[in-house]
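Going by the order they are written in, the chains are A, B and C; count residues from 1 in each one.
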Amino acid sequence: MKVSIPKEILADEHRVAATPKTVAKMVKAGISVVVESGAGLESCITDEEFHQAGAEIAVNVESLLNEADVVLKVQPPGLNESTGTHELDMFQKGATLIGVLQPLINHDLVTKLAERRITAFSLDCLPRIARAQAMDVLSSMSTLAGYKSVLLAANALRSVLPMLTTAAGTLYPAQTLIIGAGVAGLQAVATAKRLGSVVKVFDVRPVVKEQVESLGAEFIDMDVDQQQAEDAGGYAKEQSVDVQQKAHELIGQHIKQADIVITTALIPGKKAPILINEEMVQTMKIGSVIVDLAAEQGGNCELSEPGKQIIQHGVTLIGLVNLPSSLAVHGSLMYANNLANFLLHVYDDQQIAVNLEDEITRQTIITHQGEVLHSGVQEVLGLGKTAETS
Amino acid sequence: MSENLLIEPAYLIAAVLFILGIRDLSSAETARRGNLLASIGMFLAIVGTLLHADIIGYQWIIVGMIIGSIVGAVMAIFMPMTAMPERIAIVNGLGGAASFLVGISEYYRQSAEFFLNHQFKMGVVGFEVLLGGLTFTGSMIAFFKLKGLISGTPVTYQGQNAVNIAWLVLMLAIIGYLIIVPTTPVLFYVMMVMAVMFGVMFVLPIGGADMPVVIAMLNAYSGLAAAATGFVLSNNVLIIAGALDGSSGFFLSILMCRAMNRSIGNVLFGAVGQSVAAPGISGGGDDGQPQSISVTEAAGMLLGAQSVIIVPGYGMAAAGAHFAVRELADLLKSRGTSVKYAIHPVAGRMPGHMNVLLADANVPYDELVEMDDVNPEFPETDVALVMGANDICNPVARDSAGTPIDGMPIIDADKAKSVIVIKRSMSPGFAGIPNKLFVAPNTYMLFGDGKLMAEQLAETLNL
Amino acid sequence: MNTFAISTVVLAVEAGAEQTAEPQSLLAAFYIFVLASFLGYQLIIRVPPLLHTPLMSGTNAISGISLVGSLVAAGADFPLVCNILGFIAVVCSMCNVVGGFMITDRMLKMFKAASPHDKAKK
């Protein structure tokens, strides 16, 4: 079985879907691996290193994709400017694609995958079970995003983060407000604490209070009933109107003293909730910074713009996207590991086994042999078929 | 009669020594001295008694004391560190047996008229036998449970608490009756048998893990029995020592329950009506009951270890125990013990959770070992110290199928020679299932707050 | 300070009590019992979990005071049955006393033996 790893064509994507370590792992399992020349350069991996690990290096991307049984990617397939062809059109019909496809949003992509009879697995749909933890890309990438967000904020802030009492005066610590205590939020808490900032955290789920406090930060209590706040997978749900109102008030209260605000609130498959409106930004201190990690999904702040760093009302709004890509060395390391673990899970004797009894396969498979199998996607596309997915 | 003049001062000094002894036992620096003082007090009490005018025949006494001393010394010397509660259980039972027998002896030798004229004495003899008897058999059952000769699983049946209470009331009623009408020896002997049975009935429904609390309670009862004997014999040192023992034992058991985060009512009567044994987890221990130890015993195990691997989990984070853990590790290292930390990839509630905390506590990075590298070392490791970790070291993930954690790789802590688990209670972890590690035969549970336990272990090692 | 005040009272009462006058000594005995119980409470209420086991073992040894009663039963001019019961009781409570104090001492000695001072010499 041949697995190919092309160079990512999206301009700001510096990661690659394999590392020499994962290549060696795949080769050991009897898979032959081909990597496009230069694919790993922006992650500091040379062709030579891939080759040493057992991969073949391909120069021509068309033949690379054409001959592949399985293609591993970071970004969803798109239009390759240099050849003028869509990546998917270069795939063999019936090949397998594994990556993060965001199928609930990328409708056209899903349709095209079905047309090309591609067996597509999207790792952002993994079930949150213990066995799948080693494949959890969302967790890996959120960790990096959370970490990086603090560095970006600290860099944009014109003060230091920790408290320093010096002969030249006392520098008071920066106040950081983190909204959303998921993986990204918690990592941001840890990073901000390490840099010496005073950290407060807001989240609608009462269960994270203990987790936040275990990292030494203060939790802003909301008095919300646990049932309302969390869904079965532990993600925050959309809240009722009066809960949203209360959240607004509390955030508005605390945001006035914040030097750094990092927002991480996402709702799977839907637009991100607006938690900071223009009015609230106007009450913030001049020189303070907001890092909006949800910018790409609509943003938690009304004023942030995806992909940009701007200043409004004296406040720096950072809406930069794809933060894991800026940490390409570890981004690729973690992503490649997640991918390889998944691949080896569905790999069986020179083939990809599509076993719908297996919860992991069932939840991540988007299309197969021309049909859309993912129930969530079916709903969104209005296909109305019933499948065995939960 | 000059002998009697010596007795009272001897008893007085003995009582003082008991009081000072217990006070000293309450503090780490003076504990050993306290034990010594109390033993000197006991010696004086014995000497004083031997001088008592009533005693005329020494042959039984001498032979008895010699046999008793030898047996007692043997038990004390040939005893492994982890069998402490068992030994305490036996000797406590024997103390109760002594009161029991003395009570019978008293009843037997006095005529009915005597008791008619000394009703208080009758009552006290009754209590002596009641308390002594139940302490004796209760302690023996505790011993058997701890040793694993009887299943540690609570033996319960519907309405058990009601039956036990009724039994107790009946015995008290008999004593009451005997006070008024002392001429029915049959009733006395009936109560005697009932007391012996009651000890069994009272302790059977209590889980094996709670035996230390039971022993503290039974200790209190044997103290009360001794006090009762004191009332019967009009002997003040018996009353004082017995009362000291009784109340300190009683409050000690309450303290121990608090440290386990449970009420004493729950410990003594709580098992009735509940199934305590974890369903579906068989094998492990002798019957699926966890073995609980105290800080003292845990410290002993750590002291004797050449190699220790610490397995941190979310519990350590929640307790804020990481600084105390590092101090404990430093103490162990200063004694030449090798210390490592086994970091599971998903320990905690976020990636790198353990790393953040341990780095904060200044644990050098090179002491943190990842799962695949550290697992092969467990079989050669003396003690695995599990700090608030649960699912990530649950052998069920490795050995059984069909659980929420099926297929998740774990830290093989169960393969260490001994395992100490520091945890607040037996509550399940994130996955909500019971942990087979906790009921394994080489695992010892140290119940308490993680930070407090780590600090106290460090303090003990520092002694 | 509290503890000492109580101890003094207890001992004063005991010293004042006579061994044989019944109603008076009964009342005094009762006072002693109550005060000693209270004293016991004061002494151990602040014991840290660290010392629960040695304390349990120590007070257990003290409950071997039942030996005193056993000695009387075994050695006084009582019927043979009583002497024999007393003999068994002496054996039992002697175990309790000797075993109890030795076990407690072993427990506490363990820490002394492994002090950093000694280990450093190895």
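By definition in this document, contacts are C-beta pairs under 8 Å (C-beta built on N, C-alpha and C of every residue); 3 or more make two chains touch, one makes a residue touch a chain.
None of these values were measured; they are calculated from a predicted model.
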Pairwise touch network: line, ring, star, complete, or other
line
Per mean C-alpha coordinates, the chain lying farthest from subunit B is A
Any idea which chain sits dead centre by C-alpha averages?
B
Mean-CA-position distance for subunit B and subunit A (Å):
52
Can you check how far apart subunit B and subunit C are, centre to centre, with Cα atoms defining each centre and the answer in Å?
18
Any idea how many Å lie between the Cα centroids of subunit A and subunit C?
68
For the complex, which residues does subunit B have touching subunit A?
314, 317-318, 320, 345-346, 348-353, 356-357, 359-360, 391, 397, 404-408, 431
If you look only at subunit A, which of its residues touch subunit B in the complex?
129-131, 133-134, 139-140, 143, 183, 186-187, 190, 194, 210-211, 213-216
Residue numbers on subunit B that touch subunit C, as the complex places them:
4, 8, 11-12, 15-16, 18-19, 21-23, 25-28, 31-32, 34-36, 38-39, 41-42, 45-46, 49-50, 52, 54-58, 60-61, 63-65, 67-69, 71-73, 75-77, 79, 81, 84-85, 87-88, 90-92, 94-99, 101-102, 104-106, 108-109, 118, 120, 132, 212, 215-216, 219, 222-223, 225-227, 229-249, 251-252, 255-256, 259, 294-297, 299-300, 303, 331, 334-336, 448, 452-453, 456, 459-463
Which subunit C residues qualify as touching subunit B in the complex?
3, 7, 10-11, 14-15, 17, 19-20, 22, 25-26, 29, 32-34, 36-41, 43-79, 81-112, 114-116, 119-120, 122
